[in-house]
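Following this line, the structures themselves.
Next, two complexes with subunit A in common: one pairs it with subunit B, the other with subunit C.
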Partner chain A sequence: MNQTIIEFNNFKWHYSNNRKFRLDIQELKIRKGSFVGIIGPTGAGKTTFCYSIMGVVPHLQNGKMEGSVRIEEIETKNSSLNVLSQKVGLVVQNPLSQMSGAGLNVEEEIAFGLENHGYSRQEMIKKVKKIIELIGLKEYARRSPFELSGGQQQKVAIASILVLEPEILVLDEPTGYLDPLSTDMIFTLVKELKKQGKTIIFVSHKFEYLNELCDEIILINKGKIIKKGAPTEIFSDISLLSKNNLGAMDVTNLFARLKKAGKWKKRFAVSVEESEKELRSEFPWMR
Partner chain B sequence: MALMITSFIQKDSFIQELNPISKIFLILLVITSIIILDNLYITYFFLINVFFLAYLAKIEKEFVKGITIVMLPIAVWFLIIHGIVNPAGKTILFKIWFIPFRKEGLLFALNFGSKLVTIISYFYFFIITTYPGDIVGSFSKIGLPYKAGFLINSSLQMLPLMQRRAEKILEAQEARGLKVKGKLKDRFKAYTPLIIPLILGALMEAYERVLAIEIRGFSAKVKKTHYREVNFEKKDLIFCFTYLFLTLILIIGGGNF
Partner chain C sequence: MDEIIKIEKLTFVYQSANVKALDNVSFSVRKGEVVGIIGQNGSGKTTLVKHINGLLKPTRGNVFVNGVNTKSKEIDELSKTVGYVFQNPDDQIFSNSIIDEVSFGPKNLGFGKRRIKELVEEALKTTGLEYVKKNHPYDLPYNKRKLIAIASILSMNTEVVIFDEPTTGQDYLNRRIVIKIIEELKKKGKTILVISHDMDFIAETCNRAIVLKEGKILLDDTTDKIFMKKQILKSTRLKPPQITRLAQRFKRIYDGTLSVEGFFNQMYK
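And then the complex of A and B:
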């Protein structure tokens, strides 16, 4: 499991129509099978980071690239999107952007990627049926993806990528348009995918979920990796989050307040369970 | 019936089940014979035929409505322009106020306009009776480029989406106090602020569409397969031969009408 699957080396990218922004990653290695959370304020470079892994940068964007991004033995710059699409799957924030328009109903939309890769009709039917059941889209299978709600559309977008069975799944704020129940469903699904050994890169502002699921958190701001570490290390560092225009979780803020009041000296907890345990051990009257 | 964002009207008839290639074959026959024969009676024969086909497809109401909305303003415009300014016009047939309408110009408009209406009617018939998803498959089966089929398929879906986008923009502008009702001048004014967001939105959507299809292997250099099965069946053969036979009769006997 220690094998590197994604590797950035002296990577620099700037868009030709945005001279101010530059994504600059000197060195980054992501292990196969790991679940990495990407956090950062708006405009930090999170989407560009995702695009670099997928190969959208440099293949579909105008700009200048230096250094390299490797997906196992494939160097994204020297490869093509259709080769990379068999290794990496990208889900973007706006599900509508992800609809190919080729399929008139959910089933056909999901099958589009399989058609492109030349799967036989029997294989396609089997795979589409399986993924529709897994994601819970059975009752919408014959409806147009454009007629569905945002949450349902996001499920279609995820299903259309998952059906290709990529080794790496890059999710760029996929729960941005979703209600709490659908958000929970997406995180439960990726948790399951992690168990299957997929490498998952998840961009999100939902720190509670990232804290629970991620092996590592990468904080990006102004196009640079500010810090990389364990979820507890990153999410308990309120000043680091605040310096990077990010708010800490409510539960962590509670400990900051206790510290300010002189009632807490230990590390800040980052989950409800951890907080309960810490508070009960610190304040015996709570037991 | 499944909900769809497309012009296609799902009905239980053999016309909807025909292979898209059969309908394209009919369109080509119609265009060829109308242009070659240059005969108004033959043009009208084909015009009546398309309404008959729409009846068989159980979409006659929607078809008549669609054709009227699209073609009536064009036909009226044609008659007015050619009736007044066509250089071939000599004999004054009637006057509206002081403007003379000339016989030769009106006849030209009637002849040319009828051909135009007939050809466009067949295209409209194709759009509303063909499941867009079948176009790509049927194109590939006869060796036509996959990308050409995809282009037609996605364009057919883009038109209703553009219409929906325009409605949304208009609603947003209305919510911010823009008057969209009233005199013709006011309505024209109201539609002007719609153009830029509509075009820019469509351009951005085109880019997003490229991203969506490319990250799912659109350019993969493998033989594309199709989720939907599209076959050229016996009914397609009968349909094509019937119209080929009819067209040949019309061409052979064309000069005698």
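And then the complex of A and C:
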């Protein structure tokens, strides 16, 4: 599968109330079915990038856009959010901000998006049931979403997006407010969705998870794509990360420390497993 | 006796929901300690620290701050000793400018004008907010508002400072700022309690950690010892920091290693 699903061409955007910031993406293609991690410091343009895929930029924001973003054959600026929302689903950091509040319980909250797309009641019940099973919300189906933990609320938010069966799922720091248990839950869930062939764009500061799951990492800063590459390539490049106000993972920092002491010449490792292997093979006395 | 906080058989039941959030919890904190409070959501962490600043009173048991039972004190009185930085800054911030927000605490505590100015300036400097002090708090993004919330507690110069999830939603740079703030408070001999899900952050800042599960204390030990109890941690789904997990794969390296430098030193000692 080498089909392009998202394509940016000479894309430029600035908000009318913020002259200092501009998102500027000359050319970017994202393959169908790929899992792409987006990293960058606060204010780099990560959220605006997500908005441009979703069509929130330009449709719901004031500003000026040049160039184009295509989702398969659809050009976002010529399309409507209603059409786009069936192609792309967006999950944001704060699950409460995307609750419609219209649903009295989790089931109804998840069904809310479907109602707006004119499905029959029978179809709706079937779809909602399926998604509740998939995401593991069965025991909460009749509870108010507002009574749930942050992790469960985020699952409801993801469920209410997934029920529309978008091909692309954009997640903008969805685990930012969650505890480790819920964070694990969300990453396990998106891993499953990837297996089902969804294209996933995942913004996160959690490099260890991204390294494990992503096919590709895009580093964004000051509104531009600074670098795009394999996770090992990006996460082992401590100077690239630090130039962009990002911190490397500690196992990687260990190899940098070894290099500083003249003990290491190869690429820095980026995971616990890789580090163990490298240390054992290079230093036989490390037991 | 340099115990600044003493908690005796504390049980707390949320009457409205009839939920026992804390179940017979006992521990004490000595002056100058930096203690991490960890555990999943709903394990009772926030309920616990709200007893230390008097926002909640025990259903059973006692909480002493500086030897005085919190049952006998009003919150105003306790707020001279205990500063509490909320998890969500928007639950805390109410002023129209950052400087007003940060000045409110010390004014309320009745410090003199000159002292207030000193305290406010220092808090703004520590948090890197001095250049935006005239701004409305909501001119700044969420992660900076978290620093405003911290500054408005720092300016009260309390003996005890409690941080509730100070690094959530923070990027690398802001996280470094929060770590620096804690280092500085430590140097001043303040007693610090930190609720956090960020195990790297706990490893870097806390000498001691308390693990809560379903309202009970599961572990209470030095941070290195806590992260060595892999099996118990697993039951609460907490993962030791990455460098600690790597250390645990080698016999030569101490299982409670918490830093890159510590790991390196053991390779070449």
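Heads up, the rule we're going with is that the second predicted complex is superposed on the first by the 286 of 287 C-alpha atoms of A that agree within 3 Å, B and C clash if a C-alpha of one lies under 4 Å from a C-alpha of the other, contacts with A are read in each partner's own complex, and residues count from 1 in each chain.
Please note the rule applied: a contact is a pair of C-beta atoms (placed from the backbone, for glycine too) under 8 Å apart; a residue touches a chain by one contact, two chains touch by 3 or more.
Everything numeric in this text was worked out from a predicted model, so none of it was measured.
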- Based on the superposed arrangement, let me know which partner A:G150 touches: subunit B (first), subunit C (second), both, or neither? second
- Task: Determine, under the contact definition given at the top, whether A:S160 touches first (subunit B), second (subunit C), both, or neither.
- Result: first
- Message: In the overlaid three-chain picture, which partner chain does A:P180 touch, first (subunit B) or second (subunit C), both, or neither?
- Response: second
- Query: After lining up the shared chain so the two structures overlap, which partner does A:P41 touch, if you call subunit B first and subunit C second: first, second, both or neither?
  - Reply: second
- Message: If we overlay the two complexes on their shared chain A, which of subunit B and subunit C does A:K228 touch? Say first, second, both or neither.
- Response: neither
- Query: Which holds for A:S97: it touches subunit B only (first), subunit C only (second), both, or neither?
  - Reply: first
- Which of the two partners, first being subunit B and second being subunit C, lies in contact with A:D250: first, second, both, or neither? second
- Task: Mind sorting out which residues of subunit A both subunit B and subunit C touch, each in its own complex?
- Result: none
- Item | Residues of subunit A that touch subunit C when the two form their complex | 41-43, 93, 149-151, 173, 176-184, 205, 208, 245-247, 249-251, 253-254, 257-258, 261, 263, 272, 275-276, 279, 283, 285-287
- Residue numbers on subunit C that touch subunit A, as the complex places them: 40-42, 141, 143, 168-169, 171-176, 197, 199-200, 237-239, 241-243, 245-246, 249-252, 259-261, 263-264, 267-268
- Query: How about subunit B: which of its residues touch subunit A in the complex?
  - Reply: 2-6, 8, 131-133, 136, 150, 153-154, 157-158, 161, 208-229
- Complex contacts: residues of subunit A adjacent to subunit B: 54, 56, 59-60, 80-82, 85-86, 89-90, 92, 94, 96-105, 107-108, 111-121, 124-125, 128, 142-144, 146-147, 160-161, 164
